[in-house]
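A, B, C, D, E and F are the chain letters, set down in written order, and residue numbers restart from 1 in every chain.
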C-alpha cells in the first residue's frame, strides 16, 4: 500500500489498469446503449421517454458515488496525509459535477414531456441541485487557492463539512416537501421494474462506474504531472537547473 | 478619540486580569462599535430588502403577510453573509491570527467567541429589529413572536456555518462571493426549519423550532472544529 | 498559476505600452479572476440564491414567478455589495492608492475604471445568467427579457453608488456605518424602479425603465466625483 | 531644478506634527530626514508627495537654469516642469492669495514615493505588478528594472510568494522602471540584504548624478552624500 | 532549557525553501539567522513558531538540568516545560514513527513571535491592543511594558495614529508584557530609532541573562553576543 | 426505439447531451495530458540545455 504513495508507482499502476478499464467501459456502454435504445421496451405509460431513465438514473447514482469517493479521499488527506488522496480529491470533483449536471439535464428533459415543465421544486430534484452547488463550491475552492497542498487540506475540510451536511439537507428537503405537497402529482420510480428494463439499467450503471474510474485515473495522472511541472518550473524560476527532471522516468 | 488617560489605564489594568476569551470578545465588540462596518450594514440591508419586497409582490397585504417570514429569513441569511468574509481575514492580514495560534487558548474556543462577537454585532440587532420589520410586512402579533423566536434560535447557526466559509477563504482577498457560494447550500436546512417555525400554520411551531434549535446546537458543537482546522491549515 | 516565463514577459512588455486606464482594468480583472474566483463565481452565487429562495417561500410556481424579478434584483444588489467595501480599501492598505493619486491620470477616471472592472466581474455575468435563472423561477419569456434589460440598465448604478460608499469607508474610520446608512438607502430607488421595470404588469415597462436609465446616467455623471473627492481626503 | 519649501506645517488627527519647517534642495542634491520615531519624517514625505494636505506653507518648484536635466530619461519631464512653476499648498488659515494656483497633482507627478507599504498585489506576479505601475506612472522598461534589482529570476512568481526584502526590492524597482526627477524614499533600506543595499546606494548616486533630487527618511546611514534635516519632536 | 532542531525542511507553495537544517540552542544563548533576501529566514522562524508545517524534521525541547529558569517570571512556565519534552513535525515522507506525539501548540506556547506584521488593530488604542495580547498570551503588566519601550505618553492614541517605529515598538512591548522563554524575532530593529534600538538590545541581553533563548533574523547587526546561522539560498 | 413516437426528440436530446458531456470529459482530460506532457518535455529540454552549458 505504502508503495502507491509514490506517484511513480501509481503512474505505473495506471498504465497497467487503464487498458482494462477503458476496454470494459467501451464494452459495457456499447451493450448498455444497445439494450437501452433498441431492446428495452417502451413504457406503456411514458412511451419512448422512459429510455432517458438509462442515462438519468446511473448519473444520479454516480453523482452520489463520486461524492463518496471524494469524502474518502478527504479523510485520506486529513487523517493519513496520503499525497495521492489530494490528487484523487481534486481529480474527482469536476467529474462528479459533470455527472450531477447530466442527472439534472436528463431529468429536466424527462420532466418536460412527463410533467409539462422543465423544472419543479420537488424534493429529490432540489436535493440534487444543492449537491450540484456543493460540487461547484468545491471546484471553485480548488481553483482559487494557489498552493496545491493547502488547497487540498482546505477542500478536504469543506468536503467533510458537506458530507455531514448532505444527509441533513436531504432530510430537511424531504420534510419541506411533505410540508408543501406541491400541486404536481407524480412519483418517480415505480414499485417494481421489469427485468427487461432492469438489465439495461444495471449494465449502464456499471458502465458509468467504470467510465468514472477510467476518467478518474486519467485525471489523477494529469494532476500528478501538473504538480511535477509546477515543481520544476518553480525550480527553474529560482535559476537552479531542474535536475530532477532527468531522473524522473518517462511515461 | 477622547483622551482620558486615567480611566483608560484603569480599564486596561482590569482587562489584563480578564480571561483570554473575555478579552477577545471585548476587543471584537469594541472594534465593531468604533468602526461600524458590517453591523449597521446588516440592519440597513435588512431594511432595504423589506422595503423593496412590497414593490415586487404588489400591495397585497395577505400575500405579504404570508411570505413575510420567508422574506425576513432570507434577509437575515443574506445580512449575515455581508461582511462575514472579513471575520478572520482582518486578523490574518495584520498578524493577530498568528498570535491566536500561539496562545494556550484552543483555537476552537477562539472561533466560537469570534462568532459570538459577530452575532452580537449583526445577528442580534437583526433579531431585535425583526418585529418592527414584521409589522411593516403586516404580520400578526403571534406570527411576529414566532418569527423573532425562530430568528433568535436560528441565526447563530448561520453565523457559525458562515465562519467555516470565512476560515476556508481566509487567505483570499476577495472571498466574499466564494464564501456565499460555499455556505448558501449548507444553510438550506436552517432556512427550511426557520421559515417553517416562523410561519407555517400547518406544522405548528414546536416541531420545526425544536429541530432548528437542534441544528443550532449541532452547529455550535461541530463547526468550530471545522473552522479551526481550516484556520490552522490556511497559515502559509 | 502556469509558469510560462517567455509568454509572460512578452505580455508584460505589451502591457507597458498600454494606457494607464487600460492597464488598470486589466489588472483588476486579472486579480478578480485569480482571487475570489473566476467570472463564473457571480453566476454560481446567483444560482445559489435562486436555489435557496424557494426553500423559504415555498415551491409555489406562481408565487415564485411573481416575486422572481425581486429575487433576481436582490441577488444583484447583494452580489454587488459583497466585497464592494474592499474596492478601494485594499488599494489604500497596500499603498496602491497613493500611487493612483500621484499618477497623471485623473482620479475620477480611475474610479470609473475600477467600477467598470467590478461590474464586469460581478454585474455582467449576473445579467447574462439572469434569463436562465428566471426560467428556473418560472418567469414568462416576456418577463425574462424585461428582467434582463432592467438588470443591464440598473446594475451599473448599484456599483457606482457602492463605490462612493467604498471611498467613504477608506477615508473615514467609521466608514462602514456610513457606507450602509448613506448608500443602501440611495440604492433603494434603483431597486424599486428596477423591480418595477422587470415585473410590474400595471406600470408597464417603459416608464420605470427610462427612469432607471436616468438613474444610471446620473450615477455615472456624479458618483465618480464624489468617490474621487472622498479618496483624495483619505490620505490621512 | 530646485525645490524650495518654506514654513510647512502639517496637522494629523487634530495634532500639529510639525510647523514652520523649511528647506531648499537643488538638482543633484539629497536631503536626509532624521529624527526619533514619531518625529514626522514620514508625514513630511507624504506631504511633499501631495498625499497629505499642508496646514500652511509653500512648496515651490523652479526649473534650474543650468539644469542637468537634458539627460535622455528626463527629456519628457523637462517640458512638464516648465509648466509647474509655482505650487502652493492649501493655506487654510491665511486664506488663498489671489492668483495662486493650487495643483497638487503637478508636483506629485514629478515624484516617486516609496512608502512603508509596497503597493504590490499578492495575486499578480512581480512582472505584472511592475508593468502595471509602469503603465500607470508613465511607461518604462520593466525587464531592465527587474534585472537591476536582482529580481529577474523571480519575475514570474506571484507577489504573495515573495519574502519581505524581495517585496521591498520590487517596490524600489519602480524607481528604475519609470523616470521621475524627485525621489521621496521612506526608509528605503528596510528589509534589504547587504547586496541590495549596495545596489540601492548605487541607484541613488546615479540618480543624483543625473540631476535628480532625493528626500529620504531613514534611521540607518545611507551611502550617499546628503544634507541632514533633523526633526525634533521628542516622542 | 534547550532547543534542538534537526533535519528541518519546509515547503512553501510547492517549493522546498530549505532542507536538512539543524541547530541546537541552550538557555541564555541567541541564534542569529542570516542570509540574503529570500533565503528562508522568516520561513524558519514561522516554522519554529508552529505557524508553518514542517515537511520533515524534529524540534525538541528539553528542560535544562541547571536551568536558570527559576527566575520569578518564568515560574509558571517551568512546570509547563516539563510536559513539553518532545515535539515532532509532520513527517510526511518517512511515515510517522510510533509513539511520536504531534503537538505544535506546546512549543508555540513557549514562544514569542514578532513577525513582519505588528498585529495591532487600528481602531484600538495602544493600551487596549497590548492589554488584549497580555490577556490572550497569559497575563502581565502592560503599563510597565509600555513605559519600557517609551510608549507611555501615547498609550491612549489609536494605533492607526502611530508612526511605523511606534507600531513596531508596540509589537515589541509584548515581549515585556508577557514572559515567555523563547523569543522568535523577525527583523526586530526595523523602523526603530537609535534610542529604541538600544532599548531593545538591552531587553534582549536581560532576557538571555535570565536564561531565555532568542532566535532572531536580521540584516543589521544586533547588539548581543550570538551564534550565526547562515542560510544560503542564492536569490 | 421508435423515432416517430411523440416525445422521441427529448430522448434524442438527452442522449446527445450525455454524449457531449462524456466526450467533453474524455477529450478534456486527454488534451490536458497532452499539453502537460509537452510542457514537461520542454522544461526537460531546457534543463538538459543548462546542464550542457554548465559542463
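Quick note on the criterion: contacts are C-beta pairs under 8 Å (C-beta built on N, C-alpha and C of every residue); 3 or more make two chains touch, one makes a residue touch a chain.
Just so we're clear, the structure is a prediction, and the values are computed from it rather than from any experiment.
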Message = Give me the set of chains touching chain C intersected with the set touching chain F.
response = A
Ask   = For chain A and chain F, what is the smallest step count along a path of chains that touch one another?
value = 1
Query = So which has more C-beta pairs touching, C-D or A-B?
reply = C-D
Note = Most remote chain w.r.t. Chain D, using mean C-alpha positions, is A
Note = When centres are defined as mean Cα positions, the distance from chain B to chain D in whole Å is 45
Centroid spacing, where centroids are CA-atom means, of chain A and chain C in whole angstrom = 34
Request  = Give, as an integer number of Å, the spacing between the C-alpha centres of chain F and chain E.
outcome  = 50
Remark   = Residue ranges of chain A touching at least 2 other chains are 130, 133, 136-137, 140, 144, 146-147, 173, 176, 229-230, 233-234, 236-239
Task = Provide the list of chain B residues touching at least two other chains, using ranges where the numbers run on.
result = 34-35, 93, 172-173, 178, 181, 184-185, 188, 192, 236
Key: Junction residues of chain E - those touching two or more other chains   = 12-13, 116, 123, 158, 235
Request  = Could you pull out which chain C residues touch chain B in their complex?
outcome  = 31-32, 35-37, 41-42, 44-45, 48-49, 51-53, 55-58, 63, 66-67, 69-70, 73-74, 77-79, 81-83, 85-86, 90, 93, 122, 173-181, 184-185, 187-188, 191-192, 195-196, 199-200
Key: chain C to chain D touching residues, read off their complex   = 1, 3-5, 8-9, 12-13, 15-20, 22-24, 26-27, 30-31, 34-35, 93-96, 98-105, 235-236
Inquiry  = List the residues on chain E that touch chain B in their complex, please.
reply    = 12-13, 49-52, 105, 108-109, 111, 113, 115-121, 123-125, 127-128, 130-143, 155-158
Ask   = Okay, in this complex, where on chain A does chain C touch?
value = 117-122, 126, 129-130, 133, 136-137, 140, 143-144, 146, 173, 176-177, 180, 182-183, 229-230, 233-234, 236-237
Query = Inside the complex, what are the residues of chain E that reach chain D?
reply = 12-13, 35-39, 41-42, 116, 150, 153-154, 161-166, 168-169, 187, 190-197, 219-220, 235
